[in-house]
Each structure stands twice: as structure tokens, then as C-alpha cells.
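In what follows, chain A forms one complex with chain B and a second complex with chain C.
On to the complex of A and B.
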């Protein structure tokens, strides 16, 4: 698989979509049919290493999906190279910071 | 019937405009092309392409009431009035309903749409099993009218880089052909962020194809073939 062929983004977009779909279905079932849970109970659940790992996977899938989607929109609409690089850099840095912050919160909470 | 026709003559007009026409169709006028032929009798400056008049050559592809169709097989009956005729969206206009297909055919040629097989030819013909032949159904029937590419937003955004649904359908026609031996090279050439992966499976191509083909499915097959090659 060539990194810049477009196939990598195509595969990542679909894999991350599957993760997001599975999580959305699970969340809908839990919130729709499960007993109401307090904030403290959610925090306790998220503090378990397995739950934190799941949430990290969800965050990673969300960020990857957002990156590929934004990149596609930029490749389609933004043709001047400098503007394109600027937007992609800004989005990339923003998503990376968001991911790092999410990971920090989840890991410190779970430890 | 009332018609609104996109008019633009680069030698006279500074910008395009729509001109209104009234026409009493002859009882034998069944299709949009019949009406266009009569309108040209009223105003012989209207420019459009047509040839076979029976949906085979693909010359008279145009945008009819917001949808790309072949004028020769689109019935007049049931069309909302005024019937608006415009050139294929996204294509450079040469004059009125005539568009420049240079880029479109350049993409088509880039897919090398001919059988490539360096093996010594058999005495009669290269045989295919019925199952192998069946794989070409839905691919070989394309008449290159450009209704699909002219209705594809991805093609509008990057017409110089994205091959477009018509060329990709033709590419799959040869990738899927059991007699062709250049499948790996063809896939290698298609494995490109612009040429192939600008397709977002919007499926306008499949929606408007006047021959009932599905370029979107052909494109997905190419992507799956590339995936299998990478696995």
C-alpha cells in the first residue's frame, strides 16, 4: 500500500467508520434501554483500564475519520498549494492536540 | 411547449444567457431532439451536437431540466415547462449546447482502453468462459456520452486530475477482462489519490447513466481489486 496513493486514506476512513458505527450502536442501546447512570458512575466506568482503552480507540477512530474527511474536502476545494498546506497543517495540529489531550485525560484518570 | 435554452457564442456574447422559445410540436415529435431540430428551423444559430438519433452515439448529451440526459431518447411528454436545456455541467462550453470534450477523452485514453495481451494469438480467437464474459456486462455498453462525468461533483472539482466515472468504468472494463494481461499495470496506474480516490461514491453517475450502467459500482470494484492486491 503506497502512503500517498489514496488507498491508505480510503481504508482508514472505512475502518474508523466501522469503529464509530459500533460505538454509536452500543451507546444508543445503552442510553436507550439501560438504567440511568450518574456522572460519578460514568467516571468510575471510564476509569477502568478496559473502558479507557475502548474510549481511546473511539477517540482515535474519530480523529482519523475527521482527518481523512477534512483532507478530502481540502483536496477537492482548496487548490492553491500554500493555502492547502496551511489549512491541512492547522487541522492536523488541532486534531493531534485534541488527541493528546483526550489520551492524557483518559490515561491519568484510569491510572 | 416553452423552452429555455442556454446560449453562448464566444465571438458575440460577453457572457452566457438563457433564451426563451415557443414551439408547437409536430404530432410526430416525440423526443427532445425532435423539438431541438424544429427550434433550429426557427433559429438556425442554436448549436448542439447530434448524430445517430437513437441513443447509441452519445453526441447529444445535455442537461435537460437539471438532469444530464440524451436529447434523442428523452421523451417530450411529461417534461416540466419551460424545458430548460443547458450544456453538460462542468465542461467548458464551445458554443450553446456544445461542450469541449478534450479533457474527457484525454482521461479516457489515459486508461489505455484496448486489450493488451502479448501472448501469441491463437488460431481463431482468445476464448472466454461464459462466467468470464459475464463480468463485462454493464461495462462494455458505455457509449461515452459523458452524462455521468458531467453530473459528478468530484469531476467538477478536479476535472484535470480525477479521471471521472466514464473513464473509470472503461478502465474496469479492461481490468475485468480475462483476456487482458495488463491488469497489474492498469491497477498500478489507477492507484492515485486524484485519478481514482476523488470518487466519493456520490452515485450521481449511476443515477443519470442513460444506458442504465453503474460507474459507481465499477469504481468500487477497482478499489476492491487494489485492496486485494495490497493485502
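On to the complex of A and C.
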């Protein structure tokens, strides 16, 4: 399936990995060494437009990373063409739906 | 591919170098993390829309915490290892073997910590 293939997939996998790594490091530092975060504080933070945009970027990186990774695994292990296309379609639709759901949750919370 | 080529697939006798174990772990943890994405979005929704959240502490949830913490840690550590190798750091065989051991041990430690804490 030619959605993000070849060198493009390679680059996107690593770019999204760097985004995820930066978020993970920031979250680990904040939660590990900063003051405890209450649920109210988290909700107030996520309601800011800039924070919502950051979280959308995180979600986009996560979904792109998941797509390239699962695609790699399916291409390596699933050889019958029809089964391969079915699984890839299913994964693609599922990730797109998850993206839409995440965007809906984040945007409605921030509005 | 030559159909008459010798095939040796005695799994009990195939030696997996430590790099191969780290690599297959990267894949397994990645698939696992992808599978729990729907739960992650659901939890995000709960965290933004609830007044309070209580964390379960039963045996099943401890096992789930162990598995997810291991998967997240292994995928993260193995991923950083790959990114460093991409830019030429630690790509020699002895260094790669050492870092593969480090990834396996550190990820197992994070998983166990998640189970007992």
C-alpha cells in the first residue's frame, strides 16, 4: 500500500519518533520531578489552544508512527495479497477513526 | 528463490543473537502499543471529561501495567538505540551488543517496577 512508502516512510517514522521522544521526555521530567499534577490542572492546561495544538501534534505523530510500524510488520509477515490489503485497510481505517476521535475530544475540550 | 535450498528451522537450536532479541522485542512491543491505542484515546477522553479518576489495583491491572510499561520502555529504549545508530553512534558490533543488553535489562526493570509500585 503506497501510503507513506519507501524513503518517505523511513523519514516519517524517524521524525515522528523524535516528536514522541520529546513529548515523553517532557512528560517524564514534569511528572517525575515537578509538583504533582491534579486532574483539574491537567484539564485546565489541555483547554488552552496552544496546549491542544501540541496534543494534536502528539496524536498525529503517534498515528503516523503506528501506521508506518504496523505497515512494516504486515508487509514482512503477511504475504497473501488479499489478506495483506484487508489488514492494511482495516489498520488504516482504524487509525484514521482514532485520529478523528482524538481531534474531536481535544478540540471540543479546548472550545 | 531456489525451492531446494536447505532450510533449517529447528527453533530450539537456532541461536538468536542479543540484537535479534532486542529487535523482535521492538516489533512485539510496537504491535502491542498500537493495539492499545483505542484505550489510550478512551482514557484521554475520560481524563478530560471526568471529575475524578480512580486507578484499579487488582491483579489483572497490575499485569496489564507490567506489560504496557515493559512495551513502552522497550520500544522507547530500542528506538533511541536505533536513532543513535542512524547517526553512527554505537553501530559497531560490540557496542551494538552491549546496548542491546542494556535495552533488554532496562525495559524489564521498568516493567517490574510498574508491577510492584
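Here is the rule we use: the second predicted complex is superposed on the first by the 106 of 111 C-alpha atoms of A that agree within 3 Å, B and C clash if a C-alpha of one lies under 4 Å from a C-alpha of the other, contacts with A are read in each partner's own complex, and residues count from 1 in each chain.
In the analysis below, contacts are C-beta pairs under 8 Å (C-beta built on N, C-alpha and C of every residue); 3 or more make two chains touch, one makes a residue touch a chain.
These figures come from a predicted structure and were not determined experimentally.
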Classify the contacts of A:43 with the two partner chains as first (chain B alone), second (chain C alone), both, or neither. second
First, second, both or neither for A:66, with chain B first and chain C second: second
I'd like to know which partner A:5 touches here: chain B for first, chain C for second, both or neither. first
A:58 contacts which: chain B (first), chain C (second), both, neither? neither
For A:75, using the defined touch cut-off, is the partner it touches chain B, chain C, both, or neither? Pick first, second, both or neither. first
Applying the touch criterion given at the start, work out whether A:21 contacts chain B, chain C, both or neither, answering first, second, both or neither. second
Quick one: is A:102 in contact with chain B, with chain C, with both, or with neither? Answer first, second, both or neither. second
Of the two partners chain B and chain C, which one touches more residues belonging to chain A? C
In their shared complex, chain C is touched by residues of chain A numbered 14, 17-18, 21, 24, 39, 42-43, 46, 62-63, 66, 69-70, 73, 91, 94-95, 98, 101-102, 105-106, 109
Note which residues of chain A are touching chain B in the complex, please. 1-2, 4-7, 9-11, 72, 75-77
Can you list the chain B residues touching chain A in their complex? 154, 157-158, 191-194, 196-198, 200, 223, 226-227, 230
Can you list the chain C residues touching chain A in their complex? 27, 30-31, 33-34, 37-38, 41, 44-45, 47-53, 76, 79-80, 83, 86
